[in-house]
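When the chains are written out, they are named A, B, C and D in that same order, and each has its own residue count from 1.
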Amino acid sequence: MAIRVNLITGRTIQQGVSMEAGKEKPAYTAACGIIELDPADFKKLGAFRSTNVRVTSNHGSVVVKAIEATQGPHPGVAYIPMGPWANMVVNPNTYSTGMPTFKGTPVEVEVAKTESVLGSLELVRKGCRGELA
Amino acid sequence: METVTLTIKNQPELYLEADNITPDAFAGKKAEEIAALHVYIGREQHQLGDFFEVSGGAGATPEETKVVVNGDLSRVKYIGMKMTGGEVVVNSNADMYVGAWMQGGKITVNGNVDAFAGTGMKGGEIVVNGNAGNYLGAAYRGDWRGMADGKITVAGNAGSDLGTFMNGGEIVIGGDVDVHVATHAEGGKIVIKGNAKSRLGGQMVGGEIYVLGNIDVMMPGFAYREDVDIEMDGIKGRFALYEGDLGERHRKRKGQLIYAKLYQQIGA
Amino acid sequence: MAEYLIKNGFVFDPVLGIKGDAADIAIKDGKIVETSAVKNPKVIDAAGKTVMAGGVDVHAHVAGPKVNIGRNFRPEDKLFGYKPKNGIERMQGGFSVPTTIRTGYDYARMGYTTVMEAAMPPLYARHTHEEMRDTPILDQGAYPVFGNNWFVLEYLKNHEIENTAAYIAWLLRATKGYAVKVVNPGGTEAWAWGLNCENIHDPVPYFDITPAQIVKGLIEANEYLGLPHSMHIHANNLGTPGNYQTTLDTFKLSEGIKPNSKFGRDQVMHHTHVQFHSYGGEGFNFESKAPEIMDYVNTHDNITIDLGCVTLDETTTMTADGPFEHHLTELNHLKWANADVELETAAGVVPFVYSANNKANAVQWCIGLELALLAKDFTRVFLTTDHPNAGPFIRYPRIMKWLMSEEARKQQFDAFKHKDKVIDATNLAGIDRELDLYEIAQMTRAGPAKSLGLAHMYGGLAPGLEADVAVFDFNPNEPYAPDDIEKAFSNAEHLFKAGVQVVRDHNIASNGNKRTLWVNAKVNENPQVMRDVKEKFLRYYTVTLNNYEVTGHYLPNPYVIEVDATQ
Amino acid sequence: MTKTVTDVICPFCGTLCDDLEVVVSDDGKELFEVYNACAIGAEKFLHSQAKDRITRPRMRQEDGSWKEISYDEAIEYTARMLADAKKPLMYGWSSTNCEAQAVGSEIGEAVGAVMDNTATVCHGTSLIAVQDIGIPSCTLGEVKNRADRILFWGCNPAHAHPRHMSRYSIFPRGFFTGKGHAGRKMIVVDPRPTDTASLADIHLQIEQGHDYELLDALRVAFKGEQLPDFVGGIPKAKIYEVAETLKSGRFAIIFFGMGVTQSIGKNHNIDAAIAVTRDLNEYTKAAIMPMRGHYNVTGSGQVWGWLFGFPYAVDLSRGFARYNPGETTSNDLLRRDEVDAVFVLGSDPGAHFPFSSVKKIYNLPSVAIDPHETPTTEVCKVHVPVAFVGVEVGGCAYRMDNVPIETRKVVEAPEGMMTDEEFLSRVLARVKEIKGV
């Protein structure tokens, strides 16, 4: 069962702290390799909290851990903190302004229990080498 | 009118900046002189002849010069930039800035153009027989003097930011347009024969937009006034007239505020 | 250092009193020396050419936050006009708001060697110094603004001159500033609430003080300290028809105060860009009051002024007069930047197109020139455009042309769309005076140097002065067309800055050894002022006191003028 | 024994707090405690002490492993790469000082680079808007001392600028704002009920991507004209109420962030927000300010402003400066294959660019200068670790309101590490040699 939501990205304090502590560390993955979903969307998805999910847009796909919205409710809107996980799926179209469309990407979210959330360095490395599923 | 024919023979690494491909730069020159004109790739200066076969010759003036460019030009920028007269025919897709700051003459592109075509256009005509990219007929960054005069016709679709800061002239789009049309415009006319998305006429002071198809989201600053019958340039029908942008400043005439006008065809 | 002998040029030098006679100028160790003092000089043959001291600009906006707003928010000001890098010259861009690199080179090309930044917001002093550091060749200083500063408003409300002076001394040191600048006294603080002070008696909201009290108090504090420059003011009500009365009222605030300066200046007030302050009439019937203004200036030697000539260009206005810039954007609907600065000042920036087709702009053009042509003492009336407000500084040679040639003025009158109405509203068409190069040298060299208290360094060719010498390819004794003046003075043939040849054969030859001038005024210890400073930083500023002072590498080559005001 | 350094500037975000206190060892070689900082700022100082910190340059080998190289080798590689490229991209410049930015600019000039900073994915669209319509703004102290209407639009300072509300905007008691929070009306516009929104008097939970329309609606409401029933999901009564709240203040300030600069409309959203601010100045006093992210992204815009005349996306390739976002911006250059080498300093595009752009960097000659190990260093050919600016070396930085502050050195960098400025100066010298200047 997959749901369609509108993805936005941005800073969180955990993202900031873990980024300054080192993006190679697990804490950064814990802070940013996530997607915040509204309880209503969790219900539609039919998944428990802290389940790994695959998020897919027209621009890419990434596995992150789904958690309940920390700053909700926002049904229909999903949130991945800014970072390499979000950037696998955001819309790179700049509309000739230089700015990719980081916020407002339609994505599909589906449960991916057997897939794991990669660390930031592994994610970009594998992505660049074409080794991602 | 004399004709110069350029046929691309080597594709550039990166992109070729060819602001010399204009009747103005070619006028009065023989083929070998034209081949010696400068083009740039990044910091490197090259000659036009390094990338193009040049044949024919130019007329004495830009007005007497026709330039035909063949081959894949999708990595060539600035074709027809600042031209004042004569004619340019591009038998391919072209990259950014086709006809930018153009003052006169005519450019025909038998393909697509990328962004910033007709930037700051002052006169002349651009015909694109494919699609156009973003910022067609818009102002250069920071300039409040956008398209002043002339005409741009696109057979296909156009991108976002069409006619930003437009002050005069006319743009006709055969197909659909992306977001932001005629932002900050103070004059001129834009005709969209297909559909529009949203943000039409945002912060628009004056000028006219005609839409024959659908509009996804109307700006809150545009208010419906009345239905009107319109017949112009092969367009005929009943249109709903909206005025706006109500939030923006407007000129007054005889004590009445003069708004920008947006006409949408009824029952399209 | 190399020695130079500039031989046989037609020298115009008010300091030596040479009015175009052929003379030799010798340079050694960075100074002008007697010709007998050079042994084996490089000889520059200046026969048939004009030789003057390096130009001194008393008022231009060339460095700092509002200038950079002007640059960054006007990409269109740089379109197609960029000058590529070339040899030692770095790339240079911008027409009305040039990059720092272009600023240095373009002034040098006009034979200028010293340029004062006319308004430095103290909180942004670091920024101003960074830009000056990156401006090649020129000696520069910057005037911190005081006329809307909360300390000043609070001290002068009670006429506390000593405290005001102590605060000025502290702020000059903290910001590495040169002089006391006042912009729209009280009006800019009022602007923080969207209001203004429209005349010298219009009280400042909350602070319960009038512009007149501020101005008079700052003059007194300036003289208490004995600073090199006088208080430097942009009065209230700039740009408004009928404002000449406010200007005269402001001038009169200088009356009865004696200059106290060891630096050779004789005035207590410098009023800047007086063109913008000489308007009569109202609304569309706006007219020149230059004669009334110059009647006052000519008969009161307590003040100096600069012109602020309109050059009829597309430019970028920028001033600490926040309410004025808001007024301007309401008029021309062009983009508007504003920057209010906590406890200190504000600034606004708006592009403006001065057009020969616009009657008001043509009247402004006339007024700027009238002020000069009605002047009696050119050591007190200086050539400026309030760059870039009335026009870019690169037009100074064009203004010289207009001042030196009635024919050139006639040509411009003929280009006006509303010529007759312009003539009706002004006096310029009836003035046939043509200035000579000696008077130009007074207005651009000796006068401003003296007013700045820098006559011991700049403005002339007397032995002992800095070797700032310009050679122009202009023979005043041969017939010339008006445009020859503009051409020659836009493009110095040679320029020496402190003995270094920075322009050779019309080309930039060196980036020079630019210095930053600042004034270190010593005053008696003043615990109250220091307590006030601490308290204001603790409670109202958003930077700490310890992070405020500009030090070290921001002034890689400082030149400190020491003033002892301890008593 | 230890000593405490006061008035320390935090080199994390554009808030540029300058009241930190840092406890270091007497010899200045170890850093123990950080006071007054937010959690992120404190972490930045503490991370400089990480035991696993990389202290020497390294080069990626064929087999994908890293090999340690000397700074000299790294300088040679960097200078060669830049000098050989037809059009290199020199990106980042936001987490470093103005002194390094100035040296980098000179390198860019010498090699004909495109200079771009992190504004390109942050407030670049704000800069475009400022070029179109201007910006009535002020320093943060004006907000503290005067503002009684605070509007946060598409920004979440509780997370991104943690001390902003306490130092400047909501809680402090200033000269004319003696009641602090109680004297201010706080409005938040955000598609989520964020932790910032939870503090607000009014939260407009806008439908994502309709900022332009809602801002336009506010302008219509100021003029008392009719509105549609809903705009961006907000009922018109609410819009009129917010318009009235703003107009009735003595001093209104709008802070805006990535919610508007990165959503569809981008520069137009900011343009409309600035237009709202302009309009408010007809009725009262109003200002607007971007919530700049990196602590010195503002500074790089200033340095390039005075050197080149443009705040970001400066193309120096032809020996003079050109600027046009959409063409000369990093993501457009990478997407279109317009550059042939990438140099990164003071930013992490590997983490913060869309992945399609990251892949382009991976496929080009590339050097990353960064104290940290990051996704960017992971995809670049050479990684040069450097001292932390604002921790191990001082230098000028510009706050979000353009106020320049000299950052402080509080602790020594590990033995033998170079600073950004030192490394760049060496690269510049080498580039000049190669180019024969």
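Assume a contact is a pair of C-beta atoms (placed from the backbone, for glycine too) under 8 Å apart; a residue touches a chain by one contact, two chains touch by 3 or more.
Bear in mind the structure is a predicted one, so any value in this text is a computation, not a measurement.
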Problem set entry | Most central chain, judged by mean C-alpha position against the global CA mean | D
For this session: Report which of C-D and B-C is connected by more C-beta pairs in contact.
Result: C-D
Exercise. Could you state the distance in Å from the CA-based centre of subunit C to that of subunit D?
Worked result: 35
Seminar exercise, completed: Note: subunit C sits from subunit B at a C-alpha centroid distance in Å of 44
Exercise. Could you state the distance in Å from the CA-based centre of subunit A to that of subunit D?
Worked result: 22
Seminar exercise, completed: Distance in whole angstrom between the CA centres of subunit A and subunit B is 39
Seminar exercise, completed: Multi-chain touching residues of subunit A, meaning two or more other chains, are 95-96
Exercise. Among the residues of subunit B, which ones contact at least 2 other chains?
Worked result: 115-116, 134-135, 140-142, 144, 179
For this session: Mind pulling the residue numbers of subunit D that touch at least two other chains?
Result: 128, 131-132, 264, 318-319, 323-327
For this session: Based on the touch definition given at the start, go ahead and assign the chain network to line, ring, star, complete or other.
Result: other
Exercise. Which residues of subunit C touch subunit B in the complex?
Worked result: 73-77, 79, 333-335
For this session: Over in the complex, which subunit C residues touch subunit D? Could you list them?
Result: 63, 65, 67-68, 71-75, 77-78, 82-85, 90-91, 93-94, 97, 99-101, 123-124, 126-127, 130-131, 134, 150, 192-194, 206, 326, 329, 334-343, 346, 349-350, 539-544, 546-547, 551, 553-554
For this session: Please name which positions on subunit D make contact with subunit B in the complex.
Result: 85-87, 111-112, 128, 131-132, 210, 212-213, 216-220, 222-223, 225-228, 231, 264-265, 268, 271-272, 275, 279, 317-319, 323-327, 336-340
Problem set entry | subunit A - residues contacting subunit D, complex | 6, 8-13, 15-17, 19-24, 59-60, 69, 71-74, 77, 79, 82-84, 87-88, 90-92, 94-104, 120-121, 123-125, 127-128
Problem set entry | In the complex with subunit D, residue positions of subunit B that touch it | 13-15, 17, 40-44, 96, 115-116, 134-135, 140-142, 144, 165, 179-180, 183-184, 198-199, 202-203, 217-221, 223, 245-248
